[in-house]
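This is the structure I have questions about; it appears just below.
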Amino acid sequence: MHAVKKIEIIASALELPKILEGLNQSGVRGHAVIHNVTGQSLQEGREDFDMTMLDNSVYIIAFCMPEQIKPVVEHIRPLLNKFGGTCYLSDVTEIRSINCVASL
Amino acid sequence: MDGNLILSNILNPPILFFFLGMTAVLVKSDLEIPPPIPKLLSLYLLFAIGFKGGVELIKSGITQEVILTLIAAMLMASFVPIYTFFLLRLKLNNYDAAAIAATYGSISAVTFITASTFLTELGIAFDGYMVAALALMESPAIIVGLILVNLFTEDDKREFVWSEVLQEAFLNSSVFLLVGSLVIGVLTGEHGWQVLEPFTQGLFYGILTFFLLDMGLVAARRIKDLQKTGVFLISFAILIPILNAAIGLLIAKFIDMPRGDALLFAVLSASASYIAVPAAMRLTVPEANPSLYVSTALAVTFPFNIIVGIPLYLYGINLLWR
Amino acid sequence: MDGNLILSNILNPPILFFFLGMTAVLVKSDLEIPPPIPKLLSLYLLFAIGFKGGVELIKSGITQEVILTLIAAMLMASFVPIYTFFLLRLKLNNYDAAAIAATYGSISAVTFITASTFLTELGIAFDGYMVAALALMESPAIIVGLILVNLFTEDDKREFVWSEVLQEAFLNSSVFLLVGSLVIGVLTGEHGWQVLEPFTQGLFYGILTFFLLDMGLVAARRIKDLQKTGVFLISFAILIPILNAAIGLLIAKFIDMPRGDALLFAVLSASASYIAVPAAMRLTVPEANPSLYVSTALAVTFPFNIIVGIPLYLYGINLLWR
Amino acid sequence: MHAVKKIEIIASALELPKILEGLNQSGVRGHAVIHNVTGQSLQEGREDFDMTMLDNSVYIIAFCMPEQIKPVVEHIRPLLNKFGGTCYLSDVTEIRSINCVASL
Amino acid sequence: MHAVKKIEIIASALELPKILEGLNQSGVRGHAVIHNVTGQSLQEGREDFDMTMLDNSVYIIAFCMPEQIKPVVEHIRPLLNKFGGTCYLSDVTEIRSINCVASL
Amino acid sequence: MDGNLILSNILNPPILFFFLGMTAVLVKSDLEIPPPIPKLLSLYLLFAIGFKGGVELIKSGITQEVILTLIAAMLMASFVPIYTFFLLRLKLNNYDAAAIAATYGSISAVTFITASTFLTELGIAFDGYMVAALALMESPAIIVGLILVNLFTEDDKREFVWSEVLQEAFLNSSVFLLVGSLVIGVLTGEHGWQVLEPFTQGLFYGILTFFLLDMGLVAARRIKDLQKTGVFLISFAILIPILNAAIGLLIAKFIDMPRGDALLFAVLSASASYIAVPAAMRLTVPEANPSLYVSTALAVTFPFNIIVGIPLYLYGINLLWR
């Protein structure tokens, strides 16, 4: 068992490449992306899927070591401020396994 | 005369299914065409129209008409965003103005396809190389739009990676698939056409019909956004297409295109992009408000063109070309 | 005679692929048709059958037969849930009884479509307006079911929003698309038919076959639920369809429908809804146990009808109609 | 950085409209919906996707201010009790950005 | 309100049956599975969807009682070590409802 | 001669769209065919090829040629993984060697289908029962591969559930659907063929083309993995198919198959599985590195076979069969 951090980002599908690049630059190598997320943002929103990718969001999850949070925030916040999207952090316990974050 | 044209246009399955889609949203039916089915349908349409265009292009060959048409297409696609930008600045900030100008400078492939089936219905011929014009007219507006943003906004921290922008403009999936299919059509010619015919030709009309059902759903969902866009933009979204079509027709007449090609050229000039350009703008001009440029193109201009515009422009041709 | 009919029915690709789908689940193959493909197939089927029905309806026109048939359809769809409700109450609580009654009062479009291809196979004609009957018979059972719940359960905090219920009943995607396509078929008529023919007609049989492969998967996955449903419901799910078909045939004979229409009417009466009605019941009568009404309709009644029922009912017609 | 609450709801796809309405009424404007979730509930369940929407679940995520939790619970619990589904709350840290929950 | 545990597992779609079996054996009856998750693991990775199911991941969420964690870890860790995938635990508060985990 | 064959092969739409897909990845276009569309296309192809094969099998009947061909197929599918395993062990550990050997022992249905359309193009006949050979050659390699792992790795805690393995091998969705459709083709015969023809035949070429577009995308994405695989495996991925094709041709000549069948047999021998076997290996031999066996099969062998291999093997036939 090991304490690690969970990063959750919800943003427009169009931003995905930039955000993943940001994560990689911050040294966070692993992530999972859930596609075709619909939603509603604080201002206005739409629940339907849309051919015009503009409204489809992606939900990005990345588990990382606590010390990686600082660089992540530095890389991601500018993207969120420019393109929209939201990012949240929380504490989770990782089960040790070959591929686990803490195993490095 | 015009009335008849509109009617004979409206009474085609594609248009009626477009209405059906809109109705579904208005009466709050839960009818939806879940992703990625619309994507599949649009990939098919680009594939089929591009391939067909290539096969016909190789038949006609690269004549002087072809060259002239393509040059005209490029010019139109670069001119429209410029003049509309200055028009839009009267009411909007530079970011929104540039994004909307780019949207209207570019084209809507589905509007083009709908127009081509309309011509087929009426037995009016048109040339395969118009598809090349379609392909050529999608990208320039994106470039022009960004140049305008650069010129008219002093915004130091904006550093486009131009390579990225050109990528977006010339290699986005729709342009890429359209051009690729066109090239393959050219390479395989008549023989390739025959083997693919049941797929590319037989299903074409039906899939367009099905796709327009979805377009109706999508367009209607955008209607509520129009409250925010305001009267200026809504009238812009109807009048500018008519104006662009008129300009297009004059150019077409000038380099005397045959009637069918002239209609398609007018439709290209009149149509606005609701996928490629908005996606590019969302990333390169995030300051602009998407609901302004997407909703006008999708909820006003697209329906207007396929319902009223196409027959209207043909009516104009019938007057000019006699 | 009957045996032959069943055999010639079973040896058609759609039924065989239905078996293949069931087999896949039973032998634990990982064969699956991932969403939203089944949705796409069913949208296509509703689109095609509705459109075809409309085109033929306009040919035949609104005759007295049409009126009579549609009235009979409405009556049947309202009568079945009432009598089955009282039957079911003998063994089940009012919630389950009402939900199951509504399920069997409504119809299964795929069963109808399978029956229509069966008739085409045998060269037996049927009228396009039967599709209108199909559309009319989906909704009433939902309304009747809810009225029964209201009458027979003293449940103060249940306040249906009736507008919502009617919405559910008459504007759910399948009814909406079916009716919409039918209307468009009427509007475009023969001309529209010709342009869409390769899509709506050419692919129809193949897509039905593919869809029944998925139905086989879905039905087989429900079989394990049947342990919970018990013998009473399983026999209900076989006997009631036969009874309803018989009643349907008598009515058909009475207003003397032609053989083809009579079969379709019997099939509509015999079939049970496994999508629209269950969805409505899940929301309006959440107290009822979905696995009871979905599994019987899907894992017993549907297979029974398409495999044994259809030829059986036709056999009955051959006896009655001579 | 700002402490906010995360709401997770898993329920039948058919309930989605009612639940989103409940969130909006509770003043929670932003949410994300993940569709085509399969699963197994406490009683019985099925892993396959299903044409009959009955078994497809949706996974709803909403980040909100702590004070919004009370109204949310009041609006959502009756729905869960009537139609089924489960709802969970947890603490997360939000990265400040234009669209962030706390930015209001 | 009741304190329960959240289990998150991200793994190859091919492992799904084994993992769900592991959860059931641990007495965790309820779970939700999100399909078509793309991602990048610690070593190398791919963002595109892939016909060859090998790279598509699933995201499994299960809420359970704290005492169920121990058996879960015992059942899941060997799978993660053999086939890859990562598993995380966290604390959440459950809203009481008919189907809630704590309601047993 | 050979050159012409390659050219006439390359200039077919399917191959050109495969190139287009690869190009899209290389130029970083965002073109993608989202899931589950590729799944739908491959289900269709298996359905159509299986059904067609069954219909033709019933025509030809179970002759001695059929028996001989199927036996040869089984032998080839069991022999290839064994000899390649020992070859691969020279450079790789037993796990990787066994996994790759199994991959190359099995087959690629799309390669087979592409070859069959190539034959149709050239008007060379081939027998429907080759589809049965296709079905028979997918599974044995999986079994052989696992036996090899068991024999050559002392690994106590490895306890395959053999039932699971056989399940994987013989009931995975592609084998199951292929065999199932074949059986249904046999059962419904000519009659079933006629009703399904517009679906299974008309669309076939177009859907193959569309599917190869996706294959191009998928294959190109794997190219970057090849850096890790190293020169040995890359040359293995080209030379072994040629060798296997040659062995296949000799066997074909020996039991004198007609030319068309011989080509298909050679293609089956030369092709490698990139779905069924890798999926099975991932679960049964997790120690093996997937990017080794998937990437070589997908990014090297598959393109090589459909572009160069097929015409090359036909060239060989033209030499041997005269």
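As written, the chains take the letters A, B, C, D, E and F, and residue 1 is the first residue of each chain.
Keep this in mind: a contact is a pair of C-beta atoms (placed from the backbone, for glycine too) under 8 Å apart; a residue touches a chain by one contact, two chains touch by 3 or more.
No experiment lies behind these values; they were computed from the predicted model shown.
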*Intersection of contact partners for chain C and chain F*: B
*Which chain's mean C-alpha position is the greatest distance from chain C's?*
A
*If every chain is reduced to the average of its C-alpha atoms, which one ends up farthest from chain F?*
D
*Between chain A and chain F, what's the gap in Å when you average each chain's C-alpha atoms?*
39
*Using mean C-alpha positions as chain centres, tell me how far chain A is from chain C in Å, no decimals.*
45
*Starting from the mean Cα coordinates of chain A and chain B, work out the distance between those two points in Å.*
35
*Of all residues in chain E, the ones touching two or more other chains*: 34, 36, 84, 90
*Can you list the chain F residues in contact with two or more other chains?*
32, 34-35, 39, 198, 202-203
*Which two-chain combinations qualify as touching?*
A-B, A-D, A-E, B-C, B-F, C-D, C-F, D-E, E-F
*If you look only at chain D, which of its residues touch chain C in the complex?*
12, 14-15, 36, 44, 46, 48-54, 56, 82-84
*Over in the complex, which chain D residues touch chain A? Could you list them?*
1, 4, 6, 20, 29-36, 61, 63, 90-101, 104
*chain F partner contacts - residues on chain B that touch it in the complex*: 35-36, 39-40, 43-44, 47, 51, 167, 171-173, 176-177, 180-181, 184, 187-188, 192, 195-196, 198-200, 202-203
*chain E residues within the chain A interface of the complex*: 8, 10, 34, 36-43, 45, 47, 57, 59, 73, 76-77, 80-81, 84-90
*Would you mind writing out the residues of chain F in touch with chain B in their complex?*
11-13, 16-17, 20, 23-24, 27-35, 37, 121, 198, 202-203, 205-207, 209-210, 213
